[in-house]
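First chain written, first letter: the chains are A, B, C, D, E and F, and each begins at residue 1.
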Amino acid sequence: MYSLTVCDHIMIAHSFHGEEFGPAQRLHGATYAVECEFRAAKLDDLQLLIDIGLAKTVLRQILETVDYYNLDDLAPFKGINTTTEYMAFYLHGKIAEACKDGRLGPGAKNVTSIKMLLREAPTAWAAFEGPLS
Amino acid sequence: MYSLTVCDHIMIAHSFHGEEFGPAQRLHGATYAVECEFRAAKLDDLQLLIDIGLAKTVLRQILETVDYYNLDDLAPFKGINTTTEYMAFYLHGKIAEACKDGRLGPGAKNVTSIKMLLREAPTAWAAFEGPLS
Amino acid sequence: MYSLTVCDHIMIAHSFHGEEFGPAQRLHGATYAVECEFRAAKLDDLQLLIDIGLAKTVLRQILETVDYYNLDDLAPFKGINTTTEYMAFYLHGKIAEACKDGRLGPGAKNVTSIKMLLREAPTAWAAFEGPLS
Amino acid sequence: MYSLTVCDHIMIAHSFHGEEFGPAQRLHGATYAVECEFRAAKLDDLQLLIDIGLAKTVLRQILETVDYYNLDDLAPFKGINTTTEYMAFYLHGKIAEACKDGRLGPGAKNVTSIKMLLREAPTAWAAFEGPLS
Amino acid sequence: MYSLTVCDHIMIAHSFHGEEFGPAQRLHGATYAVECEFRAAKLDDLQLLIDIGLAKTVLRQILETVDYYNLDDLAPFKGINTTTEYMAFYLHGKIAEACKDGRLGPGAKNVTSIKMLLREAPTAWAAFEGPLS
Amino acid sequence: MYSLTVCDHIMIAHSFHGEEFGPAQRLHGATYAVECEFRAAKLDDLQLLIDIGLAKTVLRQILETVDYYNLDDLAPFKGINTTTEYMAFYLHGKIAEACKDGRLGPGAKNVTSIKMLLREAPTAWAAFEGPLS
């Protein structure tokens, strides 16, 4: 199994609902260092899993929809705690869509699964990985 | 599949038995940078896999039993080479117990497996991962 | 010259005023990975520049005043853009005070300067360093 | 499942064929930070998955065949784009051979799979993982 | 003293002349992870040392002149060993020019020195720092 | 001013004397990730500050005298707390000697100062820097 990972980051504000969150119930923020891993059983004829430049471009387009925003204000997150694990799931869905609708090029047809990992701090990170249905 | 990782570190002394270890047969030591990854197929209603603060607290409690010790002197390790891979296995067992006995909160009931990774140096690390039986 | 560095991190929200900031004019946030470096020409009799545990405790106390907050709402920052370089300056002032008023222990009397570095992202960071007047 | 990872790096030149590569069609180069992970279901009697020193030595021997070379000039890569994902596959094959022919010691008989990861830049890396047939 | 650092990277080929270089006399390559640090005694009215976005853009423009090239083929490096320390010096000169001719914006007038650091591998890096004359 | 840094690591045991050290009074250990920085105002005719390979070899020779040892048992450290800051000072002295007695090659005559940095954990490190007298 091959894998290819490209990185980027976003800087967002948000707050959490639930006593469990303690001080994180207040409006605060995070830099999420994003690592997006594509997996495939084979490479294309050029020996590429996916074009790195294209992967970075498409990942950036997806991240632009949340980067430099207060997530509490965005429609997709109304009534949802935008925890790191949830945001990994959410962004995984967006990049999986891009894989399936051709935005990531013809090589992406070999991609069988994607792992989206978000580092919220030097000592904590979360990820969501799943197959391309 | 979701995952959540929290980090900490310990500073221990130990020695190894067996010619294969060369100079590591002498009493020496290590900083183990610890990365503990919890995996679950779903999040709770708050969109949490597990509470990060609680996970760090419980991990620290477990690490306290070995942190700043000469492992050669501790009962659980009598007659055992405390290699990095063994210590990953040992600590995995302790955090798995905490998951099962409720110390990691109700969300931990969703955890299906744990990976315990210990970095002994910038160029070498070991891990043990396994399901929660 | 000796130096000793201890680390921590904070997660804050804020917004910037000025067209130059582009999308960062919106309310967003950041994780600041904090590296606080103390410099001294000599160590104490125990061969310590400063006690690491105490340094981490005092640094955490200072960071608590801004951690998990929207900086736009805090009194010290009214009318000020809380850029990374500014926050490094601000936090430098707070730790320098702690050094001078004895909170960092008697060894801190040898500290001649401090560097406060804040990493806002994997690709950008800022610092303020200055002598203890 | 246990895993053990050892690291090294190589510095190579190469060029790519195919318009998709853009400026990377020109002769350029890369430092590949290499992370070689061995997986096994059990440790040997010394609590070792594999001897770290031996693993580093054998990995270095394999890397010597490509380190400080222009890959375009080497026989194994004639007519092949030596992308990061391809090189991970290629080096995986070589270390898997060493595992099977005894060069990694008797403990290596427990190794069931290997992951070879190559970091080409702070923001991109690729890997190949596969079982030992 | 304030400092602000922005990062990028380049992937180049080159060879060295001189027996001292051993196998590095062969055509090989490197990824240089670039860290460009600007220093200034004061910030502007917006609390900026320099605009991070602009700094990254100008740094990228400068790096484009060497990125994805065989340095042996470029005019500025004829008869010169393009060691990491030399390349740090060379790129320092280019960014210092940009600082002085206004490309980095009006805030750059406060910049008193620049440090250009190039990481060639996880275990080796070089830098050149100097004042803006 | 040019600088060149090479890295290595050591794994040692030790204990500290003094109530201030708390649990670190017990025999424990550390991995010290070592970063040795050489500074010089000019490069040699080959554009080298110092030969990286030679620097790594000599640094390793120096580190061998403490690597895989219990520092409490070594003559140079009798009655001395081998704190990270002290060990940085001690190793700085050894590499400075090597610089002055020619072991680091003729290029080392340009070296004006050295910084020896030891990372004891992901969240703490210490250094000693000083001129070559």
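Assume a residue touches a chain if its C-beta (ideal position, glycine included) is under 8 Å from a C-beta of that chain, and two chains touch if they have at least 3 such contacts.
Because the structure is a prediction, the values reported are computed rather than measured.
Asker: Quickly list, by label, the chains bordering both subunit B and subunit E.
Answerer: Output, common partners of subunit B and subunit E: D, F.
Asker: If over half the contact pairs have to be identical by residue number, which pair among B-F, C-F or D-E is the repeat of E-F?
Answerer: Overlap exceeds half of the contact pairs only for C-F.
Asker: Going by the average position of its CA atoms, which chain sits the greatest distance from subunit D?
Answerer: Farthest by centroid: C.
Asker: Could you please state the distance in Å, as a whole number, between where the Cα atoms of subunit B are centred and where those of subunit D are centred?
Answerer: Their C-alpha centroids are separated by 27 Å.
Asker: If you average the CA atoms of subunit A and of subunit F, how many Å lie between those two points?
Answerer: Comparing mean C-alpha positions, subunit F is 41 Å from subunit A.
Asker: Quick one: report the Å distance separating subunit B from subunit C, using the average Cα coordinate of each chain.
Answerer: Roughly 31 Å, centre to centre.
Asker: Taking each residue of subunit A in turn, which ones touch at least two of the other chains?
Answerer: Within subunit A, the residues that touch at least two other chains are 7, 122-123.
Asker: Along subunit B, where are the residues that touch subunit A in the complex?
Answerer: Checking each residue of subunit B against subunit A gives 1-8, 43, 46-49, 51-53, 56.
Asker: Provide the residue numbers of subunit F that touch subunit C in the complex, in ascending order.
Answerer: On the subunit F side, the touching residues are 16-18, 20-22, 80-86, 88-89, 122-130.
Asker: Inside the complex, what are the residues of subunit E that reach subunit D?
Answerer: Touch residues, subunit E against subunit D: 7, 9, 11-14, 23-24, 26-31, 33, 67-70, 73, 120-123.
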